[in-house]
Structures are given as structure tokens and as C-alpha cells.
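One structure coming up, written as C-alpha cells, with questions to follow.
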Amino acid sequence: QYEPLLSEKDLTRVEIGEENGGDDGDDSPLPDDLTRDSLELPELSEPELVRHYTRLSQMIYGIDSGPYPLGSCTMKYNPKFTEDVAALPDGAVHPDRSEESVQGTLELLYRLQDYLGRIGGMDAVTLQPPAGAAGEFVGIRVAAAYHEHNGEGHRDEVIVPESAHGTNFASAALGGYEVVSLPSDDEGRVDLEALEAALSENTAALMLTNPNTLGLFERDIEEIAEMVHDVGGLLYYDGANLNALLGRARPGDMGFDVMHYNVHKTFATPHGGGGPGAGPVGVVDELAPFLPSPRVRTDGDASYELFEPEHTIGKVHGFHGNWLVLVKTFAYIARLGDEGLTDASAKAVLNANYLASRIEYDVPYEPFHHEFVASAGDQDAADVAKRMLDYGVHPPTTKWPEIVPEALMTEPTEVESKDTLDRLAAAFNAVAGEDDATLEDAPERTTARRIDQTSAARSPRLSWQTLSEEEE
Amino acid sequence: MTGSHSHATGSPYAPHTEEERAAMLEAVGAEAVEELFDIPEAVEFDGEFGIDARTERETRELVRSLLERNDDLTELLGRGHYGYYVPSLVDHLADRSEFLTSYTQYQPEVSQGFLQALFEYQSLLVELTGLEIANCSMYDAATALGEAATLADRVRSTSGTRVLVPDLLREGRRSTLENYVAGTDLVVEEYPTEDGGVDLAALEDGVDDEVVMIYAENPTIRGTIEERLDEIGDLADDAGALFALGSDPIALSLLERPVDVGADVVVGDASVLGLPTSYGMGLGLFACREDYLRQVPGRLVGASEDATDRRAYTLTLQTREQHIRRERATSNICTNQAWVALRTAMHAATLGPSGMVDLAKRGVRRAEDLAERVDDLVGVEAPVHDRHHLREFVARVDQPARAIAADLEDRGYAVHVVGDHELQICVAGATDEQIDGFVEALSEVVR
Amino acid sequence: QYEPLLSEKDLTRVEIGEENGGDDGDDSPLPDDLTRDSLELPELSEPELVRHYTRLSQMIYGIDSGPYPLGSCTMKYNPKFTEDVAALPDGAVHPDRSEESVQGTLELLYRLQDYLGRIGGMDAVTLQPPAGAAGEFVGIRVAAAYHEHNGEGHRDEVIVPESAHGTNFASAALGGYEVVSLPSDDEGRVDLEALEAALSENTAALMLTNPNTLGLFERDIEEIAEMVHDVGGLLYYDGANLNALLGRARPGDMGFDVMHYNVHKTFATPHGGGGPGAGPVGVVDELAPFLPSPRVRTDGDASYELFEPEHTIGKVHGFHGNWLVLVKTFAYIARLGDEGLTDASAKAVLNANYLASRIEYDVPYEPFHHEFVASAGDQDAADVAKRMLDYGVHPPTTKWPEIVPEALMTEPTEVESKDTLDRLAAAFNAVAGEDDATLEDAPERTTARRIDQTSAARSPRLSWQTLSEEEE
Amino acid sequence: MTGSHSHATGSPYAPHTEEERAAMLEAVGAEAVEELFDIPEAVEFDGEFGIDARTERETRELVRSLLERNDDLTELLGRGHYGYYVPSLVDHLADRSEFLTSYTQYQPEVSQGFLQALFEYQSLLVELTGLEIANCSMYDAATALGEAATLADRVRSTSGTRVLVPDLLREGRRSTLENYVAGTDLVVEEYPTEDGGVDLAALEDGVDDEVVMIYAENPTIRGTIEERLDEIGDLADDAGALFALGSDPIALSLLERPVDVGADVVVGDASVLGLPTSYGMGLGLFACREDYLRQVPGRLVGASEDATDRRAYTLTLQTREQHIRRERATSNICTNQAWVALRTAMHAATLGPSGMVDLAKRGVRRAEDLAERVDDLVGVEAPVHDRHHLREFVARVDQPARAIAADLEDRGYAVHVVGDHELQICVAGATDEQIDGFVEALSEVVR
């Protein structure tokens, strides 16, 4: 059932002016030349709005609706209680409060810095980056500041594997670096010879995720670290796949110098349809002085304060990042503890392996961990995904990484039961047996049928104003 | 273990029974989960982080007891983060799990509801700014300003490198901006303000062909309302520079439309509607002229049709984005603040245009009323700036501002210290009773 | 999409005994002869349960889904903020707490007693009855105790109009009374001659709702009150339709001696799919000593205490009734105040009249107020209702009151907008034009198609245990 | 008026704009809404209740400030109402508005989700009691007991009138029962207890052919576990009377199955799972033998099929109910506690059978542990009764119990006074830390 736009339900124009009494019966308190003339927006009642948004919510598939095996996106169940702790009124404080008056907030952040350091094997952590990509950018900026500080400002290249997340490339570019793309070897891992060739005295950093986007552990990680360090570069860990390794291996122990954590992927904060996230960054001692300001420290006597790292890059967010997300992160880690975190990675890897064993599509690279990339073969992976929607499940990430033709990048996470995985496998296999025409017609059982992307991009209609102009 | 699931150890959110685990291991041909990990021994970790597991109840109690250590103060704080009352329905609706637990809308056929809500959010900003395009969120005001500068860098018509910002600019925004332009050849320079507003003559002197962007805020960080924005727009226009304006949805409900003063880009914090005080968490507002359509950073939702020709929404112009364009993307942003944008749209819809205009008007009146009341106190002069104000203003105190603020804190009130003898006071989310209490407390403190 | 029963997802049997270690690893702390042998129930994880109940919720039509014009049931929008105040931790106290330690709770209840007294024009109020029918029963018991106290225990009849709510009959019968049924006159109101005939020295009370179930105001209410009082009977007001009169007329002013309030119908507390409700009872001074115990009173100095009315009938609930519902009631009334309450009845009556003017079905009785009873004529009213479901709206109450053939008893309430009423009218009118076959096949667009009620009642399957026995 | 909709006066939840109101009035042929009211002048009211309208924010603040007047005590209270920890997911799921804002399921085709949840609730009680039928809720334990008596009245095989209840029965239950049987010829009589349990010999002496129902509780209101329930069942059986047993889902997870001791009806408060402490609000559990199918009070959900032969659920056997059978209904109950039953089912499902059994076992162990600890204090003897206990017990204090309780309250703890020198103490929802604190406080108070 179609839900009209709010503007299709009502549009009311309110006049503004020194002599136009507003709804409150008073004239504008400002001279007319400082105000707009009018404001035209929907004016609807609470019951109408509640129904509008309730209806909209019913047209959305969330993790509470069913499996969501988006490879590399790590959609796991978001424990409900974390919403409760984020809503505690005592946590609703202004960022400019005196440090003495927000000791609780500072202690929680301090403890979270500590938790994350332990989990990543890192010496110092900033919680300021408001998303994973922002974390990458901080890492890049920290690396740049470090090199600059050491008189090595000439380093202008960041090496990124071909199969890396798009944000790695973009974050490095935003940081002003030339991006050197690194091909994979035949087994889907970093090609050491290619790496050797790419490394130079101009290398600022190598950005790596491990396991990589094929789910494979970079077995040569120690050698890679040595190679990068030998040329004076830094090793950056993209935390997108950290859920695979929790308690089994730590980036710090593998030789990484700097990393970001995707708290939604690893610590189950809700994705909210595209954020807010948080992308804390951990570094080794040597890089700690360059982290964003402020961080939290303690005098060891239950008193907490903000401080500015010695060579800080400054700020990357107007205040302290996404507080509400950080509270949930803290609560999740405190709930699970050592055993829970370690169990999460075990079950995530078991689930991926089990699911792969049940589906008829070929999985060319292994041994994978928390995710695998199957190939749709002769089918179009994007069509496969659309068709899977008709079976009541969410499809995997498609057509990426490109190293696998018609990739179906699949990550069930630890929260799916065997029953659900069996249901998911059944959906994969049902689609595997269908013809192209059926796939191209899909989806047919969803709120909307296949949506025309080309027309959306060719003649962009980005607001209800544009739509109503069109109609006129 | 009250309330716990039967899994005595391990993740409480992993549903595997012992039998299932065994069956799954058998299916994959392993005897133990450990076999599935392909990690060289040298980098193996023993799993001992030293973090205790807790029950749900214990965890809630832990966070509650930590946060309880915060003092319970009445905050008359603003300067970019505001504690307006958020109607209850925003919490109840935004917390519906379909909104909260969904991913970015890469499969629009099962994401129509969120896409429509974001489309409505974009439309709200289009009406507020008068500009044709609004993206469906950045992180916050500071990063949106940074993105505006990189946009200016991409679309600049000159070889210039200068980005001009007011000397009053909040440090967090300035510093974030510096980081965003660090990878470009842009340089950030300050222009002077006078009596809490842009010093237009000085700005004019400083503008040349090397200027790529001029940034101003309305209201300013000190709560003053700018009076000659159109002239800044003209200056920028003449110099071939972008005019980026900082504002927010409440201010924009009443103040001059950005498009009418020549703004090319509007940035700011849109979460003044939708989010309660949350230690600075925000929502980056980003709107711009249609001309920059292919250069906009961030996500855009567009209307389209589905295979049956019915209206449908989808993320669009994704070739600007990092997951497709990689290092040539218009921004590195991926996850943004979609759920906050949803809340902002809901709050705005609850207010309606009349409620939004009223809220802004009240912000002017109440700030001016409070300034007058504190001005009546001996040893206080307010407002310091001879301007109109929205929701906050600076007051001059005879005694050291820091001491006054500390005394106020002892009495339960938090205000900003913005100079040796300057306090900044914000009425945004305060009730009348709270303001009365504050005036009483201030009168005692300055006595 | 079918959602399996929890028991179809899992059934786990836990053994109990002195020597059977439980899940906590310990043996039973009780001797075996005091314990059961085992417990067999579904053992599922949090993510599985969240999806189960989320899915179930999606198969329910609520007031947040659309119009819900159930006549006499008064389904209005439930303001979200009332949930917040009911969830305040300070309100979560045990009923056996000392009065000194729960002054806040007692003050709120006291104020609510006062609010309800003002709204009904009653002198004293009890908040204990946990639902409307429980309120009726309290009214009946209070009446009985009053007559008994006055040496008139012989009164053994309660008069109830033919068109009254079924609970009136049942509550009177539960109280031990003979129910004397009263026919309506030609205009749909109390037939004064029939009332005269029914009244006698055996009359304990007349139960009346006003406006009655046809939405008509009993214009002769003063005369009726006099007639009842003349024979020594009491006049009982069924508050089900009070939403129609808020601020326009009060039961107390009309001569009623005792009344109950349906807080869900009048004060917008959520119905919760069948409760919890609350059915406070108001009485005139003369009956106050008979109210249930305890009530709340104040010494006028902001100190509140519980007290036992002099001739109390005792208790009708183990503790103090449905507290969480009472808090929401209080909040709703405090939010609306005089203007809001009065406006609610105005809009409720306007909406009913407007909707009736838009539909093609005949409405035989008028002038109605908050609700009207249309006749489906040659169509079967129950079928009409099923078919309306297909048009995405909830149908009215059907086949009652019986005074209107094939009744469609319709109450839109004040919360519906003109747009929604137009949509609702369109649904009525679409169905009005359809043939019987179409109606009998309806609904076809709902989660379940028409459900076989006969088979459900003939071979009752009331638990998953019965279902699984059947399958064996 | 922050956050208000534009309707400056009137109900904030009535969506009519002025224009709409005018159009609607025109459609019905009236000039003013007042014309639509057909109320004789003599009984007209002027609308002045004297109740102030408030904004949403002010209303929340009002309730908050009222409830803040309650003292913050650690409650070691039970006796029929318990504050077990309720997992967060129960709130989040039960508050989904489809559950919260729907009506009774008279249109089952659009109510399948709620019906299925209630069907699962019924099934939970069938497993717990071993009886074949459970209805989908009564108001609370007291009213469920009243309904049990009226059931006994309807199905009695003798002309008897006696309903036997223990002398320990909580006054609220006893009094409610009296009201429920007031319209019948039944009389409620007490039988004695001994050392906190049924005095079987005395009960046996008191039973004759006039007995219609024998009621016992397990655990008793004093927390003791009955040891000879099966003999009560036999007594009732021999007398042709119903054996009604009072219990709750946590107790039933561990204690003898009612069906195994001959119970014909089980009543009690099922909200020990699902509801936090809520000033006595409850959920009436009601289960009985299949024999009474047509005489059960309250609603029943049954499985059936829809027109396509798929499983579907519906309210069934409605001819027992008041809306159809009127004065011949099996009860006057209409609105019940459906939403609380939903919460109870959710909480039970979260625990699973192992969690439920564990919770009950912990109730036994922790009560016994605490009794032992307070027994060690000079001037305290516990437990008073030489029985097994579940979650609560009675302690004897040398000093006046009332004074001790008052002193404890000053120290932040609430306990029951159940005799001049008897306290009752409950561990149900208390944390270990709270119990430690209590023992400390008690030791100070009795010193």
C-alpha cells in the first residue's frame, strides 16, 4: 500500500513578518529584512504522523526481520538493552560541561578507550571519529603527521589492495595521498612481489584488512609488516573484519601500527539505516602523540580529565564524536566480556563455513573465516540478489570484490541459528536453479518491484519540490 | 544469571545449541571450531583481554552507576549543541526496530520506508535553505564544513587556495576544517568580526581572486544574527568563490533564506531538532545549488519508478561515492547519520511550519528577555553585542568569568566562559522556571 | 508469510531432581517429592525471539495502522508520551510499601480521583477496578451494599436496556441480581412506559449508558432519574460513551448515582489487544462509604494516606488495580485539561456526523453523537466488515445493537482527520456496491483469509500440546 | 508551547484544521459543532472542570516530579507481588505499537500475531500446570480466585455451598473472593494452617459434602512450600469438590505439577514474569481441566484454519462470554490483561525452560541462604517455619516488628511486617549486593 509523502498530505504556508501574527499570535520579533517571508511545510497532527512513520517502518527490512548476510557489512543483532543505557538521562550532557561535572561520562569513555586498546592490541585509542571512514581518515592524518614530524613529509603514497573497501581509497585520497593499488595473488591474498615493487621511500602506509574481503587470513602478515616497516611506512588495519578475529588474534600483535574499529560491525551497535556509527582509532605508543584532541586520561584516583596529545592533529569532529553510539559500544563489550567476544568470532566463522557448505554456488577462495565470496557463475549477481528478496531473506553483497566473477559476498555473522542458515541456503539454492528471465523480473513480492536506477540518476528528483514542479 | 539465556558462557546473542554446533561442525568436516581459523601460531592470541562478562542487568547497572557520577546541572549551554525538548513520539517511532536495525538502502525494494523518510528530510532542507539539493546527512556541522571546503576545491573556477572563515569560528569546527583541507592545497584564513558579526569592510579588503570559499554563520557562534549576509554573497560572487553559510533548521525557519542572500552551500547541525543533549553528537546539514549536483558529497535519495511504474525511492548518483568511485569519490563518507536525520525529520514534522517558526521566534524573544534581566544585575552587562540574538548571547561580568561560572555550577547551573570577563548563556532548552532559577543564582553570585 | 509457533522452532526438556544437575550445574535444592520431574518448553536465543515477536507484531492491525472505527469500543490514538511516564522508575513501587514512603504515588492517585470526580460530576471515586466490567461489578456491589445497609436487601432486580453492553447484564448477574431487560422505544431511546412497568420496590438499579449505543442522548434522563429514585432504586451510568459528552454534560448532573469510567475509551490509554484497562467508579456522597478499600485522602497539607471507607464492600482486586494504566490516565487528563477534553467530544461528534453523511448505508436513528449505527440492509454486516479489511481499514462493530438490522456500529473518534474519514467512507461505499459472493470470499488481502470459527469451537485446540497430539 | 502542534487550544490529538472543520460542518449541514449535541439545557455543563492543560513536556515533568516524592528504597517485598528483573527485550517488543494499540481480536484476520502470542501463552500455562486448558488472562490472582469459585459454583455436583480457604490467605484475595461469591449462595470459610502450611488433619475434619471448593497455595503467602498437596487433592476429590491451587509460573517451573496433585483449577499471578514492580498490577493466571471447557471464564484462543486451509488462530468458544451470552455468561470479564500476558510469554520465552528452572532454584537457595544469615543475628530467628521456602520467609524479631521495619526504612530497606514480632523478607528481585546491604542494616537495627 502506497504511503503518500508528507507533502502530499498537507502543505501549509506560514507567513512571517513584523506585522504577520504567527500561530502564537505574536508578530515577528525581528525586522523584516532579517527574516524570510514564509515557510511552507506539512502541518499534520500527531496521530497522522505516527501512522505515517509506522507505515514507513513497515516497508523496511531490518536485522529484526530476518537474516542480513551482507558481506563486509557485518549486520548482527543489536541487543535491545543497549538502547536503554543510551537513553539514561544522566548521560544527556552538553559537550562544553566542565570536566569535574561530567566525571561519569569521562570514566565511561576512558574505560571504553581501555577496552578497545585491549581488544585491538593497541596502546592508545581515540573515540572521536564518527564513523569507520572517518576513522580511516584519522589514521591517514595521524600517519601523515607522524611522517611530517619525523621530517619525512615527502612520503606521498598509500598502498591499498585491489580488493579493499572503497573507503580506504577515498580516505587516503582525502588525506592528499596518491593511492597505489595492489593486485592479489592467485590465492586471493597480498602478492608479496607486487608489494615489494610498490613499496618505496615514498610509502606512507599500507592499508590492509585481515581477514581480507575474501575472508582469507593474510598468513604472511608478519612478513608484510616487516616489509612495510623496513621502508619506513606504517601498517594500517581496517577494522571492518575484526569480528572474525575477536580473541584469536590482535592487529597490534600482527604488527599493525594504527587501526580503526567499526563499532557497528564488531560491537553490534545498530546501523540505523546508514548511521550513526563510530570509528575509534587505536595506535601504537609511537603514534599516540598525534591522535585527535581531546582524549581522556585518569590520575589513577578515579578522577578523569580531557587532555590534548602532544602533537595532536586537532579535531575531526566538532565535539566528542557520536556519544550515543559509544555508550552502546561500551555496554556491548561489558556484557560479553572475554568469553562472549571470543565466542562471537568462533560462531561467526562456524556460521560462514556451514552456510558455504550448504549452498550450490561455487566458493573459489578458502579457507575463509567470517565471510565467503561465492560466484553466481553465469547468473548476474545483482539479479540473484533481487530474486533472493522474493524468498523473504536479505541477499549478500554483490559484484564485489571483483576478483570473484559475479561475486556473492556473504557474511552470516554469529547471530544466525542453524535453522536460519538452512533457510538462507534454501533461498540461495532456489535462485541458483532459476532462469535469467525470472531473475530479471525479480523481485515480485516486495513493497516495490525492481526500481529504475538509471532514470533516477539521469533526471534526479531529490525533493518533493522537484516532484511537484514536475507535475505542474 | 537471572534473565539469561541458557548459554552459560559465550555470546548471549549466538543462538547455537550444543547439538546444532556439533551438526554444523560435522557438515563442514571439522572437529572443533578452532580448526576453521587459519591463523599463524606466531600471531595467535589467547582470548584473555581481561574484560569481565556481565549479565544484562549488571551491565545496565554498571552504566547507570557510572553516569550517575555526572552532576545534575541545569545547562544554559549552546554554542553549536542544544538541548531542545524532543517530543516523545520521535523516540517511539525512530526506535521502531525496522528503522534502527536496517542497513544502508542498497536494496531499495525492501527499504522504501527509510528512503522515503530521507527523501522527506532532504525536502525539508530544500524548503529551509531555498537551495535545490540537500544530501541525506553528514556527521556534524564541523565535518560538513570540511566537506564544503573540499567541494569548493573541486568546483573552483580559479587557481586560488584561500578559504576564509570568521575569527569567531568555534575551535572544533576550525580544526576539523583544517584536517579536511590538509590533503588539498587550500589554506584556511580568518577574517575579522566586529561586535559579534562579520566585519564587512575588513572582509571586503581581504577578498581577492585567490579566495575559493567564504564561510559565515547565521546566527553566529555567539548567538548574534548577521545583518548583511547578502553583501557577503555578493563579495563571494564577485570573487568567483563559494559562499558557504552555517546555520540550522530552527534558525532557518525564521532567518533570511540562504538562497536569498546568495549562499551556494549551507552547512550546520540539523540535530537541533531531533536529538536531545548528547555530548556533542550531531547531524551534518549539507545543502547546495543544483550546479554542484555531480560534486555533492554524501548520499542522495531520489524518486524513481519501479517495474510497475509506481513511485519508488532509491539512493542515486552513487557514482559520486567511494564504494564505486574509490579515490575519485566526492567524499570518503560511507556510514553517515541517517537515523538522526530520520529523527530530525520527525521532530520537524511534529512541529509543522507554524511550530518551527514559533520555536525560532521564542528563541529570539527569550534570549532578549533574559539578556535584559541579567543586564539589570549590578556587575553584569548584557548583551555584549548590539545585535539581535537567537537563543543565546554573551554577557560581560565585572568579576572573573571563570569564578562566576564555578560559583554558578555550585548552585546547579552551567554556562559558557568565552572570555576573561565574558559568559555565554543559552535559553534553547531551558524552561521558564529554570531561567528564573538561573537569574536568582546569578544575582547571588555577582552580588 | 507463516510464522511458526515457538514450539515448532524448539522444544527442550529440562530434567529436575536432586541428582539432575540443571543448567546452572547444581542439583535441585528440594527433595524430589516436592518438585516436578521436568519442564519442556522452547529454548531460543534472544535474536530468534526478537524476530518471532517482531514478525507477530507485523500481523496485527493497531490504531497506529489506520482508522479503527469500532462502535462502542472507542479506539483512539494513544499518546506516546504516556508510555514514558508509566515507565518512570520512581513509579515502580511495591503495593505493600509504607504510605510515608510512597507519597508521590498516593498524590498522583489522589489527584486522579479528583480529576475523575470533576469530569463525571461525582463526589467520590475508587481507582481499584481493573477494567470497565470490573467497574460495573463494583457499582453493582456498592448498590447492593447500600440497599442492604438501608434494610432493603430484598431488592433483587437490576433493569438493563435491551441495547446495553453485554457486560451490564453479566455484571448484574454476577452480583446476584435478576436482570430485567428493557425494550427501546420507536426512536431508539428508553421507553418510559416500559420503564414504569419494570420499576418496582424490587428495583435495585437501572443501568444506562448515555448517549446510548445508538449514539442517541437519552433526552428524558431527568425524568428517568426521578422515576428510578422514586421507587428507591439507584441510577447507574455506564461510562463507555462518556467520550461523547466530555465537558458538555456530566452523569452526576443528570441524576446518576454511580458510574464507571472506561479509561481506555475516554482517556486514551492503550487497549493492548484486550487489556489491561482500568474501570474507576465514581459515586455520589451517599454511596461513598460503600466504595472498595482502600482509597486515598489527604490532610490538606500535602500528606496523603490510604483509608478504608466506613461501610466498604472490601476489595475487588488483590492490590490497588492497574497502576500502569492509571498513570497514563492521569497524564492524558493533565495534558488535555478543560479545553482539550471538551474539544475531544466536539471533534468526536463532528467526525461521526461527517462520516455518516459520506456513506451510502442507511443510518436509521438520529441525532446521534459520537457514534452511529448504519444498517447493511440486504448485506450481511459481518461480511461487510470482512470485506472492509480488504480496503485497508478496520471495520465497525457489527450485528449489534440488534435494534438495527445488520448493524454497522461506527465510532470514528476525534483522532481521525477529514482525509482519513473520506478514505473510510470510500471503503464503506466500495463494499456497499459489491455482491454477496465477493463479500463472502472476503477478506483476501489480509494475513489470514476468512477463518473457520465453527471448526475452532467444535474441536477446540487451545494449546500447542493439543496441536502436536493431533499430528501424532 | 515548545513542541506543540499548531492547534493552540483543544485536543492536541484531534487533527482538524480550521478549513477541514468548516468543510465538515458544511457537509453535515451545521453551522457550529454545538448544534450536533442533543443535550437538554437543564443538564448541560459549561466545560469548566478546573483542570489546566499542559504541554507534553510539562505533563511529563509533572508526573516525574510527583513520583520523585517516593522514597528510593530497596524492596525486599513479596507476598504476591514481585520485582523480578525483566529483560529489556520484553519492553522493546511488547511496546511495539501493533501490540500496544490494537483492540481485542474480534477480526482475527488482521490480528493473527496477537492471537498466536496468546495461544503460546496458553500453551506455556498448560505445560506449567499440566492441565489441558488455560485462558488468555484474568485481572490478577485475587479475581482469578474469585472466578474459580464461581466456576465451582457452576459445575458443583452437590448442593453444598462451602468454599474453604487457608487462614493465611492474603486479605486482598480473601476480600475479593467474598465479593465474587456475594451474588451466589457460596460462603467462604477458613481452614487452619500449621507452621506455615495446610493443617491437613484439621482440614480433613472440616471437609464434608457441603464443600464445593478447597483452595490452597503453593508456595504459601509466607513463602513456604506445601508438602502434602496430593492429599488435599484426594480430600477434594472424595468430597466431590474442586481443588483450586494458587501458584505462579516461576514456582510452577520447579514445584510439583498441579495435575499431579489432583488440582482441578490453578489460579495465581502470572506477571511474576513480565512485569516489573508496579504497585500491585498483575496478571490473573487461570487454568483448569478440560471437563470445564464450556464453563471457563475469560477468553480462549484456539487454532483453526482459514479459507485456504492454512493454520490460523481465533478467539473461540465465545458463546461463554458476556457480549454474546449476556447474563448467562461464565463471567462478566471483557477487557482482561492481554498485553501483560504477552509480556509474560515473552519473558518466559527469554528464560527458556532452563532459565525458568534456574530462577526457581535460585529462589529456594537464596531465600534459605538469607534466612540462615539473618538467623545468625542476635535477636532474630529465621525462618520461623520449619519448611522449605521459595524466595521469601518469615523471621521472628525480639523487638517489635513495626519498629524494626521503620528503622530499616530509614536505612533504605523495605520489608513486610506480618506479626507483632514477625517480619517477612523476600529475595525475588534483589541483587546479591542489595541483600548484603540489607543484612548489614538489619544487624545494626537489631543490635
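In this document, chain identifiers A, B, C and D correspond to the written order of the chains, with residue numbering beginning at 1 in each.
Definition applied: a contact is a pair of C-beta atoms (placed from the backbone, for glycine too) under 8 Å apart; a residue touches a chain by one contact, two chains touch by 3 or more.
Every value quoted in this text rests on a predicted model; they were computed, and no experiment measured them.
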Practice problem: Would you mind telling me which chain pair, B-C or C-D, is linked by more contacting C-beta pairs? | Solution: C-D
Practice problem: Report, in whole Å, the distance between the mean C-alpha point of chain B and the mean C-alpha point of chain D. | Solution: 47
Quiz item: If you average the Cα atoms of chain B and of chain C to get two centres, how far apart are those centres in Å?
Solution: 46
Quiz prompt | Rounded Å distance, chain C centre to chain D centre (Cα mean) | solution = 18
Exercise. Spell out, as numbers or ranges, the residues of chain D touching 2 or more other chains.
Key: 1, 5-6, 12-15, 56, 60, 87-89, 91-93, 95-97, 350, 352, 354-355, 358, 362
Quiz item: Residues of chain A touching 2+ other chains?
Solution: 12, 23-24, 43-48, 50, 54-55, 58, 64-65, 77, 79-81, 83-84, 415-417
Self-check item: Overall pattern in which the protein chains touch one another (line/ring/star/complete/other)
Solution: complete
Self-check item: Residue ranges of chain B touching chain D (in the complex, touch as defined)
Solution: 1-6, 56-57, 60-61, 84-88, 92, 95-97, 350-352, 354-355, 358-359, 362, 431
Self-check item: Touching residues (chain side chain A, partner chain D) in the complex
Solution: 10, 12, 23-25, 43-48, 50, 54, 79-81, 83-84
Quiz item: In their complex, what parts of chain A are in touch with chain C?
Solution: 1, 9, 45-48, 50-51, 54-55, 58, 64-66, 77, 79-80, 392, 415-417, 419-420
Quiz prompt | In the complex, chain B residues that touch chain C | solution = 1, 5-8, 12-15, 17, 87-89, 91-93, 97
